[in-house]
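Residue numbering begins at 1 within each chain, and the chains themselves are lettered A, B and C in the order written.
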Amino acid sequence: MKQAEEVTKLSPANVPDEWFTFIEVDKTEAETVSRPSLSYWKDAWRRLRMNKMAMMGLVFLVLLTFMAIFGPMMTPYDVNVQDRPNQYQPPSAEHWFGTDNMGRDVFTRTWYGARISLFVGFVAAIIDVFIGIIWGGISGYKGGRTDNIMMRIIEILYGIPSLLVTILLLVVFGPSLFTIILALAITGWVGMARIVRGQVLQIKNYEFVQASKSYGAKSGRIIRKHLLPNTMGPIIVQMTLSIPTAIFAEAFLSFIGLGVQAPYASWGVMANDSLGAILSGNWWTLFFPAFFISFTMFAFNVLGDGLQDALDPRLRK
Amino acid sequence: MDRILEVNDLHVHFSTYGGTVQAVRGVSFHLNRGETLAIVGESGCGKSVTSNAIMGLIPSPSGKIVNGSILFKGEDLTKFPEKKMRTIRGVDISMIFQDPMTALNPTLTIGTQLMEGLIQHKKVSAKEAEKRAIEMMELVGIPNPKERLKHYPHQFSGGMRQRIVIAIALICEPELLIADEPTTALDVTIQAQILELFGEIQEKTGVSIILITHDLGVVAKIADRIAVMYAGKIIETGTKRDIFYRPQHPYTKGLLHSVPRLDERGELEPIDGTPPDLFSPPIGCPFTARCPLAMEVCNKVYPATSSLSETHQVNCWLQDERAKQLLAAAASK
Amino acid sequence: MFRYILKRLLIALITLWIIVTITFVLMVSVPGSPFNSEQTSNEAIQANLEAHYNLDKPYHIQYLLYLKSIATLDLGPSIKQPSQTVNDLLGRGFPISFELGMVTIIVAVISGILLGILSALRHNGIIDYLAMGFAVLGISIPNFILATFLIQQLAVNLKIFPVATWSSPMHMVLPVIALATGPMAIIARLTRSSMLEVLTQDYIKMARAKGLSPWKITIKHALRNALMPVVTIMGTLLAGILTGTFVIEQIFAIPGMGKYFVESVNQRDYPVIMGTTVFYSAFLIFMLLLVDIAYGILDPRIKLHKKEGGEG
């Protein structure tokens, strides 16, 4: 570096004669990019890690999943065994989150609630992805008449107020976890299908896809090998953002009395049970389910935002 | 001659997450009244940044003019506050953008977009503005101007849209027009028409033009003088004749060889390699790594400006006597 | 434009027909009859029901007559409340719910757009971070949780606002905040991102190159384009607010349609559930249609979709 400094001080007027010799320049060297290149997924992970909020969401969700599995084992209490004499106990060494109107342990019930919320969220999202990819993929890939008809159907479904139909379904078939997930899945995939179709339409015309088409590759293979890997980013983002929607829907339905029934306990049911309690000052019965619904949705939302930024190829730096 | 614009030792830096990009590194040139200067170079060489600097449109706070002056009719634009720049933009200096498909607001009629600058700066009545807008539409060759004013951009073809963009740029009768790649996004036949239009307009209005392009074919049609830019520096300037018939810098020669010519049946020779990373630009001549005649000195010291004539300047070590001897020796072997 | 509206109208009608059909199919598939005498409280209602739903006739006739009664805006009787029809309940409850919904949407749109613009113009500044942090919280906290929290803090503890019911502007504050925060947050985020996208467009650079003031560029050139995506999600937001009124009215004891609806859900008052579902669906579909038309007016590219102006 010392030599370089001396060199910059040299004015063009007094350069030494011996520097006037031709040199061989390695042209390939000029083409190598000076910054290290990373694969798409590695780079996305690197950028996700830099996003503090998204990482906080991810850590929270990992912890929540852990507690949903092991939390209920940490206490001697059963989710549903009532203990009337011990109702409305504030948080203490025996009952970490206190007890509710029936004397049930809120700590235990909270992690049972986490199981329900995470289960509903993930299963509904996976069904969304499954139907969405098939519908959107076929629609975008086939194009023409098929696409037209499939998109009309989506437009019609889009107008259906899904929560209303869900309520109707639950009223008729009786509230259960299965009905809730079924009802959410019937209308939930529409957004996913639109996104997949948009991605497929865009990528379909890329050269590498055109090229494999000209080699006579089968449609199925093109979809599997080329289109899917390249549409994964937006699908993951949409999935992350559709999970809180499903969690909200379950909590909402539980809250109006259409939620899961005993022996299950969901956060929405817990919140509904303790509506009266807040007026009497037993805040903990509402606080814990309310906090965990909100924070879980928050965690999925910030993680989804972070993934969106991290997976957007346009934002690569 | 009357100099309308003089840029001296302009440095523009951008701070990004990856570090500081030295996009323009000491650019100097001038423009005479009524003439057309072409700034030619590959993408990323700093030519668009230079034109944005003249317009005062360097995105702040990431971009900054760190040194140099831009004298417009003797006044330094870099010293002007934003508010004063707004009275210059669109009035004294106008700009045309590359892609006419995106340069027009899709939700406003072209009449609105034509007239708003005029109404803002010249405080004319709506009726007068419309009259002027129709005149401008006629000038740039849009048939049926009165009716077309009420139409939206999507109802025009690409070539027509670029004509409208030109009309918008000219409506306040600016003295300087900066055209940033005005024909790149257009079909070849439309390109020729738009270039002809520039000639006509200059004849009619006497406007001075800075043409930013990577395409020497465009330059050949309408430029009076050419400045060749590479990695944030101007490496050769001259009249059209100077550059096309007596190019000095190996990069300029390379550019000319990569332009297809009708009179020569030779092979098209692309310039190997890519321009240097402007995060840490080389201290010597930036073209060294791609230069067929690179010398040790090129890596170490940036060459001084040598004048071949009053109009023709180049920054290259090959102009040095010692290099000429070296070349002669190599040739005799 | 006319063709565009016609097409939208057609899609709206098909959607509505599908919903009506779904409600019918679900009702006839309820285990046992939803209208049998165990469910109903007296014989007069039973007679009303049988007359309204033509229970003595085969399914396809029932279906056609059901379609006819809906087309004539007759939504049938209630099982649980004697001598009440669904139309009566809607007549009493819907205006209140409509008022709550409209105030909510106006508050959400105005504050959401303002917040979004502010964030975009101060991109990566403190205001941006605060506003977007607030917005993520807003979309994460369910409205019924926010509502109970507001009651507890502002009504019970601090006694600033009344706890419940719907009789003065002061009564509206808490329910509207609880209901508007979510949609406001969604609008703010969308406005911000679409504003940021628009601000990088060439036509904004062009407007700057014309020497227009930042204020004029924001209002005239950026905002209108940035609000297009906001218009498209209005339908979804309205649906969310509408279902939100169910819980909010219940929590605040507001005598709107949402409260009746949740009550009838809990009492399994099938005709009221069916009737409200059909009515609200029709209302939402109509709103979606309005949104589509508004979009067509805002975006000139849609208006002349078929007859392109072409080369002049």
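Keep in mind that, in the parts below, a contact is a pair of C-beta atoms (placed from the backbone, for glycine too) under 8 Å apart; a residue touches a chain by one contact, two chains touch by 3 or more.
Listed by chain with UniProt protein names: A = Dipeptide transport system permease protein DppC; B = Dipeptide transport ATP-binding protein DppD; C = Dipeptide transport system permease protein DppB.
Quantities reported herein were computed from a predicted structural model and do not represent experimental measurements.
Chemist: Counting only chain pairs that touch, give me the topology of the graph as line, ring, star, complete or other.
Modeler: Contact map by chain: complete.
Chemist: Count the touching C-beta pairs: is A-B or A-C ahead?
Modeler: A-C
Chemist: Can you compute the centre-to-centre distance for chain B and chain C, using the mean CA position of each chain? Integer Å is fine.
Modeler: For chain B versus chain C, the centre distance works out to 53 Å.
Chemist: What whole-number Å value describes the gap between the mean CA coordinates of chain A and chain B?
Modeler: Their C-alpha centroids are separated by 47 Å.
Chemist: Just curious, how far off is chain C from chain A if you go by their C-alpha centres, in Å?
Modeler: Taking the mean C-alpha position of each chain, the two centres sit 25 Å apart.
Chemist: Which parts of chain B, given as residue numbers and ranges, touch two or more other chains?
Modeler: Residues: none.
Chemist: Give the list of chain C residues in touch with chain A in this complex.
Modeler: 11-12, 14-16, 18-19, 22-23, 26-27, 29-30, 136-137, 139-142, 144-145, 148-149, 151-152, 156, 235, 239, 242-243, 246-247, 250-251, 262, 265-266, 268, 270, 273-274, 277, 280-281, 284-285, 288
Chemist: Where on chain C is chain B touching in the complex?
Modeler: 201-203, 205-213, 216, 220-221, 224-225, 298-301, 304, 308-312
Chemist: Using the touch definition from the top, list the residues of chain B that touch chain C in their complex.
Modeler: 55, 57, 85-91, 94-95, 97-99, 102-109, 116-117, 120-121, 142-144, 148, 151-152, 154-157, 159-160, 165, 168-169
Chemist: Where on chain A is chain C touching in the complex?
Modeler: Answer in residue numbers: 53, 152, 155-157, 159-165, 167-169, 171-172, 244, 248, 251-252, 255-258, 271, 275, 278-279, 283, 286, 290, 293-295, 297-298, 301-302, 305.
Chemist: Taking the touch rule as given, give the residues of chain B at its contact with chain A in the complex, in rising order.
Modeler: The touching residues are 16-18, 272-274, 276-277, 279-280, 283, 288-291, 293-304, 317, 320, 322-323, 325-326, 330.
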